[in-house]
Amino acid sequence: MDMNPAQTILDRARAVTVATVTTRLFARGIRHSAMTGVGPLLPGMRLCGLAKTLRYVPAREDLDVLEVFHDPEHPQRKAVETILPGQVLVMDARGDSSAATLGSILATRLGVRGAAGVVTDGLVRDAQRIRALGLPVFCRGAHPATNLTAHHAVDIDVPVGCGGVLVMSGDLILGDDDGVVVVPASMAAEVVAEAQAQDRLEAYLARRIAEGAPLPGTYPPSPQTLEAYRREVERGG
Amino acid sequence: MDMNPAQTILDRARAVTVATVTTRLFARGIRHSAMTGVGPLLPGMRLCGLAKTLRYVPAREDLDVLEVFHDPEHPQRKAVETILPGQVLVMDARGDSSAATLGSILATRLGVRGAAGVVTDGLVRDAQRIRALGLPVFCRGAHPATNLTAHHAVDIDVPVGCGGVLVMSGDLILGDDDGVVVVPASMAAEVVAEAQAQDRLEAYLARRIAEGAPLPGTYPPSPQTLEAYRREVERGG
Amino acid sequence: MDMNPAQTILDRARAVTVATVTTRLFARGIRHSAMTGVGPLLPGMRLCGLAKTLRYVPAREDLDVLEVFHDPEHPQRKAVETILPGQVLVMDARGDSSAATLGSILATRLGVRGAAGVVTDGLVRDAQRIRALGLPVFCRGAHPATNLTAHHAVDIDVPVGCGGVLVMSGDLILGDDDGVVVVPASMAAEVVAEAQAQDRLEAYLARRIAEGAPLPGTYPPSPQTLEAYRREVERGG
Amino acid sequence: MDMNPAQTILDRARAVTVATVTTRLFARGIRHSAMTGVGPLLPGMRLCGLAKTLRYVPAREDLDVLEVFHDPEHPQRKAVETILPGQVLVMDARGDSSAATLGSILATRLGVRGAAGVVTDGLVRDAQRIRALGLPVFCRGAHPATNLTAHHAVDIDVPVGCGGVLVMSGDLILGDDDGVVVVPASMAAEVVAEAQAQDRLEAYLARRIAEGAPLPGTYPPSPQTLEAYRREVERGG
Amino acid sequence: MDMNPAQTILDRARAVTVATVTTRLFARGIRHSAMTGVGPLLPGMRLCGLAKTLRYVPAREDLDVLEVFHDPEHPQRKAVETILPGQVLVMDARGDSSAATLGSILATRLGVRGAAGVVTDGLVRDAQRIRALGLPVFCRGAHPATNLTAHHAVDIDVPVGCGGVLVMSGDLILGDDDGVVVVPASMAAEVVAEAQAQDRLEAYLARRIAEGAPLPGTYPPSPQTLEAYRREVERGG
Amino acid sequence: MDMNPAQTILDRARAVTVATVTTRLFARGIRHSAMTGVGPLLPGMRLCGLAKTLRYVPAREDLDVLEVFHDPEHPQRKAVETILPGQVLVMDARGDSSAATLGSILATRLGVRGAAGVVTDGLVRDAQRIRALGLPVFCRGAHPATNLTAHHAVDIDVPVGCGGVLVMSGDLILGDDDGVVVVPASMAAEVVAEAQAQDRLEAYLARRIAEGAPLPGTYPPSPQTLEAYRREVERGG
C-alpha cells in the first residue's frame, strides 16, 4: 500500500535480464540503450541501481597532481562521499584506456555507504582487491595508473556519456554478463514491468525449445504457443 | 573400409591444436587463416565442425524491427533451423561491437539440432546462459542488444568474412583457447594429417625441453632429434 | 651485509602493488610508466624481474619462413636461450593482434632457464599450455598464428616500446592484475622503497575506510591520521 | 508527359545536398543513412545515381592470384563490364585500409560505359589518374596494392554494407563534400522532393541569417518566417 | 597605456605558430596541449581567439528529434546566439565520427556575430559552404548527418575535452595547418610572449640552415649563434 | 658504360608508378610491401630514393626534454646530419598520432644535404612551411607537438617498421599519391625493370580502354592484344 514505488521498481529490476530490458527499449524506439565495451569486472556480477554521474575530462599536468585529493571538494572524492544507498556511480571516462578511474579504497568507501555499484567506460585499479570486495563494478578492464594521469574530475550529477550511451542521474542502471543498459527514469516502471513479463515468457519458450520444439511457432511464439503459455501460467506454472 | 572420410577427418581434427593447424596452413602459403579478435566464450572450449555461413549487413531502421522474426524465412532463423549435425554456424558480423548476433534460445535450438558450435566476429547476448549450455561459442564478447539493432541478416551459405578470414560453407572450423582457424575444404584432409603428426612430435619435443634440452637441436629438431623421436615412436612411446 | 643490492630490490618489489609503484613514478614526473592493453594471461599472476628486450618489426614474406628457426642465431630463439634467471623477456610487438609472439615450447624453455616471466604487447599461442606452466605471462591475449606471420625478430637488448612505454634491458618490470609497470633502472631502489611504505600506509587506511571512516581526513590521510598510523606502527601494528 | 519517372527523380536529386537528404531520412526514422569514413577523392565532386553492388570478402592467398583476372566472370570485372549508364558501383570492402579496390583502368572503363560514379568503403589505386578522369569516386583514400592483397570479389547485386550503411542495388546514391547518403529505392521519390523543398527554404533562411537575422524565429523558421518565405516564392524569389 | 591587455595578447598570438606555442607549453610541463585528429577544414586557415565551450553527450532517440531546435534555449543554438566577438566555439563531440556537429547556417550566424572560429573533435556538414564562408573551422572532417543523430547538446561554458585536451572557456585557442593548441588562460600572456621570441629566433636559424649551416651549433643555437642573432636584431635584422 | 648501376635503377624507378611496383612485388610473393596510412603531405608529390632508417620508441618524461637537442649525437639530429644525397629518411614512429616526428628546420637541412625525401608513419609539424620547401614528405598528417612529447629517438640504420612494412637502410622507397612502397634492395633492379615494362603496357591498354575496348581480352591483355602492343612498340608507338 504505502510501498515506495522506486523501491518496487528496483526490486523487480533485480530479477530481469539486461538483454530483455534492452529489447523492451528497442521496441519503444530507443535502439541504442546498452553500453559498448563495458563489462563486469568479475563474470557473474549483477548490478541494479539508480545512476549518480561523475564526469571526467582530459587531465592537464599543472592541475592534476597528487595534492588535489586533499581537497574534500574534489569532484571524484565528493561523488563517493555523497553517494546514497542504492545509487550506482557512473563515470564518463571518454572510453580512455590509459589510466584508471577508481581504486580499491574508494570502492571500499562506496560499499560502506551502501552504493549499488560502479560503472565506468574507463578502467579501474587494484582490480584484485575490488573483485574481493564483491561490489558490482562494470568497466573496460584494469590499469595501474592513477586517474590523474588522464582524467580531470569536473562535475557531479550532470548528463554524461558512458559506453556511448547518455546517462542522467536517476536513470535506472542494470548490469549482468551481457553488459550495462541505461533505462531513462521516465520509462523505468513500464520497461521493467514489460521485461519481467517477457523474461517469464522466454523462460517458458526456452524450455519448449530445449525439449525439441522448432523455432517457427515457438520463438517468437505463435498465438497457439501464447495460449499454451497462458494456460500454464493459470495452472501456476 | 567404408568409413565416412569426412567423419574421419573430423575425428582426427578434434585431437589437433589450432596453433599447429595454423602453422601447417602457413607452410602451404596460407599465411592468414586464423581469425583476429575471436575467442571462446568460456576458456577451455574446443570447437570442431564444418562451416555453415550466415551473413549480416548493417541494419536499416525500417526493415529491422521485432516483427521480422515471425517470418520463418528470416535468414538468421532459417540458418538455425536448417543446420545439420556437426556443422558450425559462422556469422559475418563485420566485427561490429554494438549489438549481439545470437541469444541463448537460438543457441539452445542449435544444440538440440546437433550443431558443433557457433563462430561470430560479433557479440552474443544471454552470455551466462549460453555458457551454461556447453555449446562451443567463439565470439568477440557479449552485448545485451538484439541483433536487429545493428545487423540485417541477408544470406546463408555464401562466402563470408569472419574475423578477417574468408569462410565458405564446408570449410573445416577448429577453435580452442588460441582462437579459430579456417581450413579450406580442399586441404582439410592433408592439413589435419600433417597437424596430427606435428602435434605428436611437438609433444615429444616439449617433454625434452621441459627436461632441460636447449632449443638448438631440439626445437626445431635436428636430424638427430628426429631420429631419436622416430626410435621412441617405434618403441611405442 | 654482503647482500646483493639488486636482489634486495627484487625481494622488496615482489611485495608491492603495481598501482602503487605507478603512483610513485607519477610523483616523480613519470606520468606514463604503465603499459596499456597488456594484462596477465591468467588472473592472479604476479610478475617481478629485470627486463631483457626483444624487438620485432613487420614480417616480410621472403624472409620470415619456417626454416629460419633452424638458425640458432635467430633473435627470438637467441633471446630465449640467453635469458638469465630473474629476467623478464619483454617483446615489442607493435601492439599487433594478427599473430602470436611466443608459444608454449619457448615458454617452457624460459621456465627451465629461470626466467621471471614474459611481457609482450602482442599475443601468445598455446595459451592453455602456457597457463598450465605457471610462468607469469602478460600479453594482449592469444592467437594461433606463428610469429612469422606478422613479426620479424631483429634485435636483443635494445630499447623498445611495449604497451606504449619505453623499456630498456635492466629496467624493473612488475605485473599484477592491474597490468605492467616499467621502473627505470636508475630509480628502482628508491621507487620500490617508497612504494613499500605507501602500500603499508594504504593497508592501514583501507582498514579504516572499511571500518567506516570517511574519505576526508583518511584518504589522503590528514596529519592526525598519519600520526595515528605512526603510533600503530610503533606498537607493531 | 512521357517522362521516365526514375529519370525525373535523378534529375531532381542532382540538385539537392546530401546533408538535406540525410535530414529528410532522419525525419522518417532512418537515423543512420549516411556512410562513415567515405569522402570524395577530389573535393567538390558530386555523385548521383542508382546503386549496383559488388561484394568483397577477405582474400585467401591460394585463390587470389593475378591470374584470376583472366576470367571474364571474375565478379569485379563482371561488375564493371555490366554496369549500366547512370549506375554507381558500390563496393563493400569491409572498411579495410590495407589494399585498393579499384584502379584507373577499371575506372576508365566505368566512365566509358556511362557509370555515374564509384563508392567504396575501401581505397583506390592510381588515385592521380582517377582524379584526372573526372569520374566521381568516393572512398576512404588511396593505396597502391592490388585488391587481391586483401579482397576476394564474390557477389554482384546482393545487399551489402558500405561505410556502415545497408546498400541494395537500385538504391539512390548521392555524394558531395559531406559524404555519401543511401536512399532506399522505395523512398527515393518522396525524399528527393522533400529535400528539394527544404534546400530552397534553407537557401532563403541562410540569406536571412547572413543579413543579420538571429537564429530564434529564423532557423528553424517561425510561422512568420515561413509566411515571408512563401510570399517571396510567390513573387518569384 | 589604456590598451586592453587581452586584445594585446590576441594580437600577438595571431603572429605565432601553433608548433612554437606547443613547445613553450612543453617547456612548462604541459606536454599534452595540442589536439589530436583535429585540423583545418581548408588548408591554410589560421585561428586565434578565446574558447567558449559547448558539450555534447550521446543522443537518445526520444530526446533528440528535429523539433528540439524550435527551443531557443537548446544549448547548441544558445551557444551560437550568445557567442561574443573574438570567441571560438569549441565543441566536445567525443571524437565521434558518425554525425556532424554544426552546419553552414549556424556557421554563417557565428560569422555574423564576430566569432573567431570553430573547433570540434567531431565533424561538420555543408562543408563546401562553410569553406566558402571563410570562417576558420577546425574539425575531424565532414559528415552529412544532423548532430541529433549522435549528439545531445547539454552544456555551455563548462570544462570539456576536445581532441584529447582539456578546454575551459577563456582559454586561448590557436590553430593552423599543424592543428589546434589550447593555452590555459593563466599562462596565455607569458606563453605568447615567449613564442613570439622563439618564432623570431627560429626564422633566423631557418635562414642560416637554408644557407647551409649544419645543425650542430645552429639548431639548437650555440652561444655564438645566439650572439650573432642578437647582433642582427640590434642591427634591425 | 661506366654508369652507376644504383643510379640507373633510381633513374628508372622515378618513372614507374607505386601501384605497378606493388603489383610486381605481389607477383613475387611479397603481398604486403606498401605502407598503410602514409600519404604525401602535398598531393602530387613523388618520392624516389634509398632508405636511411631512424627508430623512435615511446618517450620517457625524464629523458626526453628540450635540452637533449644540444647533443649532436642525438639520433634524430645525427640522422639528418649524416644523410647522403639521394637517401630517404624513413622514421618508425609506431603509427603514433599524438606528436610530430620532424619540423621544417630539419626538413630544410635535409633538403640542403640533398636528401630525396622523408617518410614517417607519424606526423610532421610546420606542415605549411615543409610544403613550401618542395621536399617530398610522406606521413600520416600534421601535429604541432615536438617529437619529444611522444618519441625517444634511439637508433639509426637498423631495420624498422613503417606503416606496417619492414624497411632496411638501402631498400628502394617510392612514393606517389597512392602511398609508399618498399622494394627490398636485393629485388630492386628486377622489380623496377618489370614495373617499367608493365607501366608501358598499361598505358597502351588504358588508351584502348578509353577508346572503348571491353575489359575481356584487353585488361588483362589476351595474346592478340599483347601481339598488337608489340607491333605498336616496334612501330615506335
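Letters are used for the chains, namely A, B, C, D, E and F, taken in the order the chains are written, and counting of residues starts over at 1 for each.
The working rule: a residue touches a chain if its C-beta (ideal position, glycine included) is under 8 Å from a C-beta of that chain, and two chains touch if they have at least 3 such contacts.
Please read all numbers here as calculations on a predicted model, not as lab measurements.
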Number of steps on the shortest touching-chain route linking chain A and chain F: 2
Intersection of the contact lists for chain B and chain E: A, D
Between B-D and D-E, the pair with more C-beta contacts: D-E
Intercentroid distance (Cα basis), chain F paired with chain D, Å: 32
Chain B and chain F, separation of their C-alpha mean positions in angstrom: 39
Chain centre separation in whole Å, for chain F relative to chain C (CA means): 37
Junction residues of chain D, two or more chains touched: 31-32, 61, 164
Touching pairs - complete list by chain label: A-B, A-C, A-E, B-C, B-D, C-F, D-E, D-F, E-F
In the complex with chain B, residue positions of chain A that touch it: 17-19, 21-23, 26-27, 31-34, 36-37, 39, 43-44, 164, 176-181, 202, 205-206, 209-210, 212, 214-216, 219-220
Chain C residues within the chain F interface of the complex: 28-32, 57-63, 92, 94, 152, 154-155, 158-161, 164-166, 184
Partner chain C, residues of chain A touching it in the complex: 61, 66, 69-70, 72, 77, 80-81, 97-98, 100, 103-106, 108-109, 112, 125-129, 141-146, 148-149
